[in-house]
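Naming follows writing order (A, B and C), and every chain is counted from residue 1.
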Amino acid sequence: MHIPDGFLSTPVWAALDAGAIVGVSVLSRSAGREVEETRIPLLGVMGAFVFAAQMINFPVGPGTSGHLVGAALLAYTLGPAAASFVMTAILAVQALVFQDGGLLALGANVFNMAFAGVLAAYLPYRLLRGGNTAIFLGASLSVLTSAALAMGELLISGVPIRPSLLMISVSLFVVSALIEGAITLAALRSLRALNPAWVKTPGRFTRVETLAVGSVAIVLAAFGVMLASGMPDGLERLLEDAGVAARAKPIIRAPLADYEAVFLRSEWLKKASAGLAGLALIYTLCLLAGRLLARRGRS
Amino acid sequence: MHHVVLDHWSRRHSVIHARDARAKLAVAILLLAAVATVPVRRYVDVAGFSALLAAATGLARLPLLGLAWRAALVLPFSVAFAVMSWLSGDPGRAASLLVKSYVSAFTVVLLLSTTAFPDIARAAEWFRLPRPVILLMQFVYRYLFVISEQAQHMWQASQCRGGARRAGRRRHFRAAAGALSVLFARSYERAEGIQRAMAARGFGGRFVTLSRWRFGWADALFLAVSVMAIAGLRSFEVASWTR
Amino acid sequence: MDPVIEVRDLRFCYADGAPALDGVDFALMPGETVAVLGPNGSGKTTFALHLIGLLHGEGSISVCGKPVRRENLSFVRRKVGLLFQDADEQLFMPTVLEDVAFGPLNLGLAPEAAGERARAALRRVGMEEAAAKAPYHLSAGEKRRVALAGVLAMDPEVLVLDEPTTFLDPPSERQLVALLRELPQAKLLVTHDVPFARALATRAVFFERGRIVDQGPLEEVARRHGWLTES
């Protein structure tokens, strides 16, 4: 999951490096108290702990074992801002000292794991108000998100990944994601038993935060669709090349087939509204699922 | 161990070792960028960059084969993707992946073999990288080996008490999770101990550093020569494989 | 002569209510070396932490005439140097020199002056060669000496050493003894190592369950509590 140097195309690594630097600077200004210098030893030692924890083997099947990645664990014990900082430091040390991941690609790795990975771990945790399902879900999503982003960056850079290999990679990602969920859950349970104060209880999603996350999602959907409209997906292109596309027959006529709501006229508006409709659907499902799980958790 | 060897090498003395860390970091990044920005199907000047790196290794009085071997860590990953590119009918990209990733890895290994990690971190801070991250990097580096050793001892002790064979997988999993949380607890206590030690020596909330940057004419010369060499190699295109 | 440390009726309970110190009276005179003996959990380390204001209990503690209170903490920490039991917790900077200079820099010295003080302290403990090394690469004895240098660089009047011989092999221990003998500061040795204490201290206090239950000449105190193995 750590991308080495030499794989990403220049626009990709340069943009992500710039983004990562800006992101960390913004974070250090806004995080303030969470990363004040008296807390640095604690955060540093926790970073070292994650490094060491990655060495511990967790048996998951005959002859196979998994390892902790740690973004979720850090997010649940230190809070998301501090977790992002610690992950960034860990990735930097890994890149420099162990050459695990490139230096120019560090921005991409930081974006994938320290920002997106931590966020993907923390949002479900916060949305579902903590609890075992949230932990498992958050940790799994964290690994899945980081891996998917890495794959995406490689694809955009033009690295050819054959469909068969893509499928294998995706299944491997899912397996690692599930392992991470299991390990993080087991570890957090033990931690809570040792000292409940170590695991942060997530506060309620404030109105402002819901609005912020919602707006970002909407903006992403709308503009992302605009960007994606012209170019066929990397995956689609591969499928085209491999001649698979012609053979794929629609199994179910989905009402929003090909991301176009037929009943609207403007091209962009069609796609954007379909994207937004999809988003609304996902949001509603999550909300209902969350309410259901929360109710079950309380009883 | 890999990092031990690099750390050991970084403490040697040579013309390169004595150079200012900021210059070395800047040159390394420049070299990485030069290699990375070569268009994929153009011929990366392997001979040129290799000669440059070999010359630097020689000046640093470091074993060329040793460094070459350590840089090869990146190869399994690159070879896999290179093979894939070749099979997808894109030999230009295959070559590009292999060459770029290896040359880049060698550059980083050379940097770490001629500059101690704390100096690299401080150089990064001089380049205005955010302070909390720099401090964290230094602390992570400082304690990562201590805690890894602790983890190793715990692991060995648990193996002595009847490892994976007899215990069921579930119990083993739970034991590993327990070990993780104990390691967490010890790390937390250690962090508290460090904070006490810092307070005991008058820590007032901000880390103050011993400034010892000194950029001399030798550093300026090193920087100038390196920049010219890299720029020259980069702009010189030997051949191009068109596609 | 006024005592450098004076403790009167010190009481302290942990957060869970367990009493750690139950009325401790103690005085340390300038230049004196006193051994603090007692079983594990008897309050010796807790006592030491109070002396530099890392813990705050009831009763009174004064260091060089000033009471140990929040407003005097920087003064107290300049006068009393504490050597922690775990050297790895004490050496947290990337290099030896930076670590030893940590104290002087916090005291407000300019970087050059702090560097000079650090080098002088390292020379005192015989570790000047290690200035550019990373703490991870030092042996237990070397770490102990560097930690001591870090404390000495602050120019204290009292040295409090918490189990200084842990993990030290006999040669390193002898080295430490020789080093400590040469230092003029008053010293408080919290230790289990009676031979070590014997080499340096004449007086001893014995802690038990949070109180000083015995004090006097080291040999007698140790013998009375079965801590002296007859040779």
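Keep in mind that, in the parts below, a contact is a pair of C-beta atoms (placed from the backbone, for glycine too) under 8 Å apart; a residue touches a chain by one contact, two chains touch by 3 or more.
Not measured: the values here are computed from a predicted model.
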Chain contact topology (line, ring, star, complete or other): line
Closest chain to the centre of mass proxy, which here is the mean CA position: B
Interchain centroid distance [CA atoms averaged], chain A/chain C, Å: 49
Whole-Å gap separating chain B and chain C, where each centre is the average of the chain's CA atoms: 39
Where chain A and chain B are represented by their mean Cα positions, the distance between them in whole Å: 25
Chain A residues counted as touching two or more neighbouring chains: 41
Contacts with 2+ other chains: residues of chain B: 117, 138-139, 141-143, 146, 190, 194, 198, 203
Multi-partner residues of chain C (each touching 2 or more other chains): 92
Interface residues, chain B side, partner chain C - complex: 7, 11, 116-118, 121, 138-139, 141-143, 145-146, 190, 193-194, 196-204, 208-212
Residues of chain A touching chain B in the complex: 4-10, 13, 21, 24-25, 28, 31, 35-38, 40-49, 51-53, 55-60, 68, 77, 85-86, 88-90, 92-93, 95-99, 102-104, 158-162, 165, 182-183, 186-187, 189-191, 193-195, 198
Complex contact set, residues of chain B against chain A: 2-3, 6, 28-29, 32-33, 35-37, 40, 70-71, 73-74, 77-78, 81, 84-85, 87-88, 90, 93, 96-97, 99-105, 108-109, 111-112, 117, 120, 129-133, 135-144, 146-148, 150-152, 155, 164, 169, 172-174, 176-185, 187-188, 190-192, 194-195, 198, 203, 205-207
List of chain C residues in touch with chain B within their complex: 49, 52, 54, 74, 77-78, 81-82, 84, 86, 88-90, 92-95, 97-98, 101-103, 105-107, 111, 114-115, 118, 132, 134-136, 150-151, 154
